[in-house]
Amino acid sequence: TRQTDDTRKDKELHVKTTLRELIIYLVFLVFLCLLTFGMTKPTMYYYTKVMSELFLDAPFPDTKNTFRGITTMKDFWRFAETPLVDGLYWEKWYNDDNVTGDSQGYIYYENKLLGVPRIRQVKVTNSSCLVHSDFREDIKQCYAHYSESVEDTQPFGLMNGTAWEHSSEESLDGSGHSGRLASYGGGGYYLDLTHEKADSLASIIELKQNLWLDRGTRAVMVDFSVYNANINLFCIVRLVVEFPPTGGAIPSWTFRTVKLLRYVTAFDYFIMACEGIFALFILYYIVEEILEIKVHRLSYFKSTWNCLDVIIIIVSVVCMAFYVYRALRVDEMIEDLLSRPDQYSDFEFLGYCQSIFNNVIAVAVFLAWIKVFKYISFNKTMNQLSSTLSKCAKDVGGFTIMFLIIFLAYAQFGYLVFGTQIKDFSSVGDCIFTLLRIVLGDFNFHELQEANRVLGPIFFMTYVFVVFFVLLNMFLAIINDTYSEVKADIANQKSEFELTDYFKKGYEK
Amino acid sequence: TRQTDDTRKDKELHVKTTLRELIIYLVFLVFLCLLTFGMTKPTMYYYTKVMSELFLDAPFPDTKNTFRGITTMKDFWRFAETPLVDGLYWEKWYNDDNVTGDSQGYIYYENKLLGVPRIRQVKVTNSSCLVHSDFREDIKQCYAHYSESVEDTQPFGLMNGTAWEHSSEESLDGSGHSGRLASYGGGGYYLDLTHEKADSLASIIELKQNLWLDRGTRAVMVDFSVYNANINLFCIVRLVVEFPPTGGAIPSWTFRTVKLLRYVTAFDYFIMACEGIFALFILYYIVEEILEIKVHRLSYFKSTWNCLDVIIIIVSVVCMAFYVYRALRVDEMIEDLLSRPDQYSDFEFLGYCQSIFNNVIAVAVFLAWIKVFKYISFNKTMNQLSSTLSKCAKDVGGFTIMFLIIFLAYAQFGYLVFGTQIKDFSSVGDCIFTLLRIVLGDFNFHELQEANRVLGPIFFMTYVFVVFFVLLNMFLAIINDTYSEVKADIANQKSEFELTDYFKKGYEK
Amino acid sequence: TRQTDDTRKDKELHVKTTLRELIIYLVFLVFLCLLTFGMTKPTMYYYTKVMSELFLDAPFPDTKNTFRGITTMKDFWRFAETPLVDGLYWEKWYNDDNVTGDSQGYIYYENKLLGVPRIRQVKVTNSSCLVHSDFREDIKQCYAHYSESVEDTQPFGLMNGTAWEHSSEESLDGSGHSGRLASYGGGGYYLDLTHEKADSLASIIELKQNLWLDRGTRAVMVDFSVYNANINLFCIVRLVVEFPPTGGAIPSWTFRTVKLLRYVTAFDYFIMACEGIFALFILYYIVEEILEIKVHRLSYFKSTWNCLDVIIIIVSVVCMAFYVYRALRVDEMIEDLLSRPDQYSDFEFLGYCQSIFNNVIAVAVFLAWIKVFKYISFNKTMNQLSSTLSKCAKDVGGFTIMFLIIFLAYAQFGYLVFGTQIKDFSSVGDCIFTLLRIVLGDFNFHELQEANRVLGPIFFMTYVFVVFFVLLNMFLAIINDTYSEVKADIANQKSEFELTDYFKKGYEK
Amino acid sequence: TRQTDDTRKDKELHVKTTLRELIIYLVFLVFLCLLTFGMTKPTMYYYTKVMSELFLDAPFPDTKNTFRGITTMKDFWRFAETPLVDGLYWEKWYNDDNVTGDSQGYIYYENKLLGVPRIRQVKVTNSSCLVHSDFREDIKQCYAHYSESVEDTQPFGLMNGTAWEHSSEESLDGSGHSGRLASYGGGGYYLDLTHEKADSLASIIELKQNLWLDRGTRAVMVDFSVYNANINLFCIVRLVVEFPPTGGAIPSWTFRTVKLLRYVTAFDYFIMACEGIFALFILYYIVEEILEIKVHRLSYFKSTWNCLDVIIIIVSVVCMAFYVYRALRVDEMIEDLLSRPDQYSDFEFLGYCQSIFNNVIAVAVFLAWIKVFKYISFNKTMNQLSSTLSKCAKDVGGFTIMFLIIFLAYAQFGYLVFGTQIKDFSSVGDCIFTLLRIVLGDFNFHELQEANRVLGPIFFMTYVFVVFFVLLNMFLAIINDTYSEVKADIANQKSEFELTDYFKKGYEK
């Protein structure tokens, strides 16, 4: 029985190695999580919330409408004349005393306005589209959807100043914006407000009186950034009103709350330490994987777990690179800004980068969590469950394809029948999500019924019957069957040397 | 083993044929999808949205109510005097300058009002119903539900002009309307507004002062169409306020956003090409199916797939026929319209046709997607899943009948107990959908409880127990059991020659 | 094989008999359904809707609050002074002309106000409760919850007229009301309004000025009925504001839309015919069941189906009895009413009876539908499904008890922890329904979290885990297992003579 | 067969004993439930409701905002000047007559204000945080998050009176508050209002004029308590507005409705009797468990049921102890209060204790219900179900761990990507609950989509697929499989002597 003894020893060794690896991995995971907790915190949500409430929920004095409800050009001016300037310039305390001296220039008395706000519009040229021959005599003007190629760059209106003359994206050193309807370039006609409420309001009214927004206008953006020293956070605000060629107006906004300046409090320095350790870990894993690749060559990439390892490493390295870039760029910008406080300061791009960075980190952390499963099949119960999942993967996958065909059939049907009436069906992508949400119980039946009194209910009823009553149960049938099989298989196997045995043995010694 | 070799060859041939058919079919499907994407696009939703916001969500100046919330005749006049005329006539820019010259007559400055808007009402005669003998002395007047037979055609009020004298459906060349409460004829008393705000408002006020709407009025409709040259779309608007014999008012509306003029942009011409190819495909399939029918005769129709083929072909041919009709009719109407810009132009019927056309196309596309399943059982996993579905169809069908009896019992119970109080139970059809929605988790328990404090909760509780806890699980049990059987069957079968083998073979050569 | 032949013949006979019974039963069911469709129709919902909108959703002129949002006594007066009198008296057309002559006295110009409206309050006496000894010196007055025993019957305030002197339930010939907080007697202090707006308003203001509502007031009710001759429906309205001993006010309402006068239109006479046929059917079934009882005696009641038969018959007979009573009583009341148009006319009780009648009919119809299952086990598939259901009944029942214990444990926990904060947990009954609704996905997690930041989330999480993830699946496991068993059993049985065979045989002849 | 006879007798004895125990236990449970019904009742919810409506839903006169919607310091003053003083001082009847004499000082004319209300704020010192070096020249002031260590205790503003001079927690004998953002100490700057509306309003306006709230303010609390003698309940109110260092304001509140004075009505005395009996029961169980512990020693604690017994006893004893403490303390406080009616009276701590007491009782009742399962496995069906549950516990547990890893991966991903934008993802804890709610169908897809147009939908789709379609079905597979096994096992066992046999035997005698 020497052989079995050997196998047993091998097993023991294997368990020992895996256990060591698991522990190292868990330490790595802890540092990664710590690091991410240094990146975001509940305060950030509250910051976003108070800033967005200030600009989005303040009612216009006459119609009691808000920014969220803007539907016409006139509404935009209503917004610009009252909630916008009231929100930007806090020149009075609540008892109507003036704010004086150093306390000026703070939104909510707390958030320093960095530089001045900028209002910018992009336009398309007249005749940027073709009028159908039947109407060509009656309709002389045609303003297309926005696209770079038809952007208007001619001076108009008063013909003087940046508000009436076009500036290119390069000259503004600005960044484009991806709105609800189109992606707008970074150039356009802009007006920089000042640090005083009265001046700014006067400029806005001048624009309005001279019809700054006209039929060619496709979007107007209000940009500004604030810095809160109490909590060391920036909030980079962009308020956008898009004017589709259909007429009307569609508001949107981004409030990016980001931590651009690291390392102020003690906790920040603790995070810095974590970041250092994390970098070392990544180095360690890089070396390890390179060694493994050297040994296994191409066959290395056949294992899903190895690919996952490589992806995590690559993502982490990317993050670190961006991390360094960010630090350098922010310093530069802030220096620049503080030396010229009366100019517009474009934090938009930096905020965008930081968001992307956060997303990439989020993906890295997600993958790192999933990797825990690599080590978990030690335990018998766990093994049983994870082999069920991997064994039914093929059938579930196959069924998912069948499921998707049905889904697509319903999605395209919904798109064609309800697309012009219901937001949730206005594009094929939305349709797919809407159908998914129906399965979960989040839908609006009355909207369907109103959009099409005959096909709406039929669509809903057959969909629920086919997908909720029948197809969804197939997933269950597949998993149920596989589980029974796996359980029977495992019951037949001889009990293997397991983690628990290892611990028992250690205990017996 | 020559025989097996033969069978094998046969199999190979079969696979080869099916594969060719599949590829042709997929190409057909791609063209069909492309074609539908030429028909509708997200912009259409935005167009519907901005147009409906303008008329439905604009508040009345005094009560701050909107069209959606109309409950009395007075509310209708409030709507007509302010949001309606303000929405129709954009005679001022946002800075209060007048809109001049060519720019006049555009809603949102973008959407050309085609012809003039029309306000039309249908009435029923007094004594169109019988008062119960007990009340006959006290109640002298009785106005029934609307129906063609009791429609009032007598002049009334000022007795002059189209607003006070009845016009028949033929003379108006109009179309009926299927409202929430009844289907109204196309005739009635109507007033055509003008292209000027002041004139139109004066006409409306004259109607109001002379009690144009009275107890006999059953519905009033506001009709107009706009054309947006920027995006080459029509929006055909009908605002309806129905006055049921119960008193009060019930608003409804249709905003049909349709693309009546094809072929303006380059993309349109690409779609035209697709349409051509699609027509060729249909021709090809017609020939093929005719050949098959000649061979198999009546037995051809025994296969569900063949029937599906025939249906798809028929639907497609119908679409093509309408397609031609539409093109001719639109041209004619627009010519007519442009020559007489001061008259009402009825696009309603055309819009209705276009909607039907869209729906038929949607059905065709849906069926075309389902047909993909005809080719999919190649793969073993797929086969296993689709045979499960087809094998459990009988049991699922049988159970569905049992399910329906319970459903109907609950539906009729709900109708009788809650029907007078809750909208979702106000007809048996609504009841069925409401019960279905309860299963998905979309319901309003408090409404039930308020409508009937005893039976409401009992109804809800037993329904959830019987249907959600017990019956729904039967579906699962049926599918689960069938899946196990099918899987066992297939495991016992000898592995057949399959698609993968085919590819392998090709690869080995 | 004569024996098998005999059995076969017996079978055939059995099938034949059952088939005949089924057909007769279906005819009966059709007439029952027809009958109920004569009782209720979608118009009734619209009638309820327009009437409730008029009184419940009309805003008060100053606070823009509505009846639904009443929270103080002052709010009640706000309601009474404007929306109530405006809703009751339509003395002007929408163009401000006066309504004259016969057209007066109609709500919405359509619904005749029957008699005059009545405002009634019930009070409790001072010192109807005990103040705790600690506070007895400081707090001299104590007004308990309403109960008959502590009702105040002393005159108060102006001490004259029905508004200030108590009238007993008998003298008013009124009926009690079961409100949200208590059941109130039919007596109290009342004021009958008049048929003129100005008079009525003056009376209401007089009440207000003299503090008609005081700390003892527990509820005030506004009662009136309207009759719509167009659709031959009554709407019996009761608006209630309860004043709990906690302070504040809680509004509630009932709008009973009932058809008290039958037989006006031709359709009504068709229904009358159906009712006659229905009565004959009931007679037929009574005779049949009596015969069966004579044969089987007590063992007759051992079959659930027989019991169901008896219940359906009893319920039907009760309905018919009430039906006759209603007809007589309505005639009498209307005669009385028309002879004295300036008095209050109490339709409340009749409306209540009619509601009960509707509910009883609803139960009868529900049971009648369920009885269809008695005949349905003919078919093999159906049999398989229904035997699964009946076979798993015991296990499902047992499990339901276990389920209920867990449910009760959670319900009482929720009641004690959230009961004072959340409406849905304010009584044990509500808790049970709330827990059921959580399973279906209809809940408000934020409310739970706010009510108790620690126990709220724990309660939710454990509940969802235990009930949604674990217990609910037990139902499925039970049904799934039973279905497999039943299917195996049936597969083993010899194929019996079945309905399809019967038809086949008939066809072969 | 004497042996079997013996076993049978043993069994019989066992059943007999267990049955006796069960009956005793049920009696105990009944008394426990009765007792809890004495603690809470639906009226308590209505009391909370009317009190919270009065202060939280009353609109400010100018902006129509309410306490729930406070977003700035100015809003707080708006609240304090109108809804607060209007809600606290009811000095006029609804007809504008003055409330005189004994009736003064009651909220809603019913609820005696105990002592005077207190407004208190806590502040942090300037320079309580570090400004980043880049901004140190421009930004001179920095006010950190609240924490005890940076609390401001210097006099400010007018420098005189309690409103402007700091009082420590000890001197106020107050209690801290755990708000949304931080836990605040019990000290601070406070103002006690008076019993007169005009005086109180004047004090509030003085505070406002002198900028009582400044950038250092982190929270302001309004505290008062009312007693309703009609229903013998206290309502202890705390309205909190927190001012985070981000700027803006976040309102929160607690309305604790508690029954501090027991034993007023007859029902109260019945409850007292129940409490006595309950105490005896506890005594009985203590003795029993001590005896059992003596017999079994440590092995006693190996049984889960025994542990549960001990926990229930401990919890009950704790409750009884608190019960005595409460009675003593309340008496003392009320005496104190009544002797000095013009001072602030802090019921907050007592209310908090009572809430904790209620929660502990709730836990005790919950556990007591669960204990019923100890006795329920008598019945065969019950046994079958409960053994299924206990047998699958290990697998369910194991799977729950796997489930949790996926959950955590998604939660942290959601936190990083959506944390700054969506409330439900603003902390990892919230993320977990949000993910759980998605499974139940309670989510806001549009919020996700708006927060991140790319990752939002991907997150949602993969989560639903992995968790709802796949993982959730694993639970079912586990339970289903275990149930089949258990059922097979039990079918193989010999039928044991059971409860039903016991009853049968008794019947046969």
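Odds and ends about this structure:
When the chains are written out, they are named A, B, C and D in that same order, and each has its own residue count from 1.
The definition used in the following text is that contacts are C-beta pairs under 8 Å (C-beta built on N, C-alpha and C of every residue); 3 or more make two chains touch, one makes a residue touch a chain.
This one's a predicted model, so the numbers in the text were calculated from it and none came from an experiment.
When the CA atoms of subunit A are superposed on subunit D, the rotation angle comes to 90 degrees (nearest 5). Of all residue numbers used at the contact between subunit C and subunit D, under half are used by both chains, marking a mostly different-residue interface. Inter-chain spacing, taken between the CA centroids of subunit A and subunit B, is 35 Å. The mean-CA centres of subunit B and subunit D are about 49 angstrom from one another, to the nearest whole unit. Shown for subunit C are the residues in touch with two or more other chains, namely 440-442, 476, 480. Interface of subunit B with subunit C (complex): residues 63, 71-74, 77, 129-132, 134-135, 137-145, 181, 208-211, 213, 215, 244-248, 250, 394-395, 398-399, 401-402, 405-406, 408-410, 412-413, 415-417, 419-423, 425-427, 438, 441-443, 445, 449, 452-453, 455, 457, 460-461, 464-465, 468-470, 473-474, 476-478, 480-481.
Contacts from subunit B toward subunit A in the complex involve residues 33, 36, 39-40, 42-51, 53-54, 57, 59, 93-95, 97, 102, 107-112, 178, 227-233, 255-258, 261, 264-265, 331, 334-335, 338, 341, 358-359, 361-363, 365-366, 369-370, 372-373, 376, 379, 381-382, 384-386, 388-389, 396, 400, 429, 433, 436-437, 439-442, 472, 475-476, 479-480, 482-484, 487.
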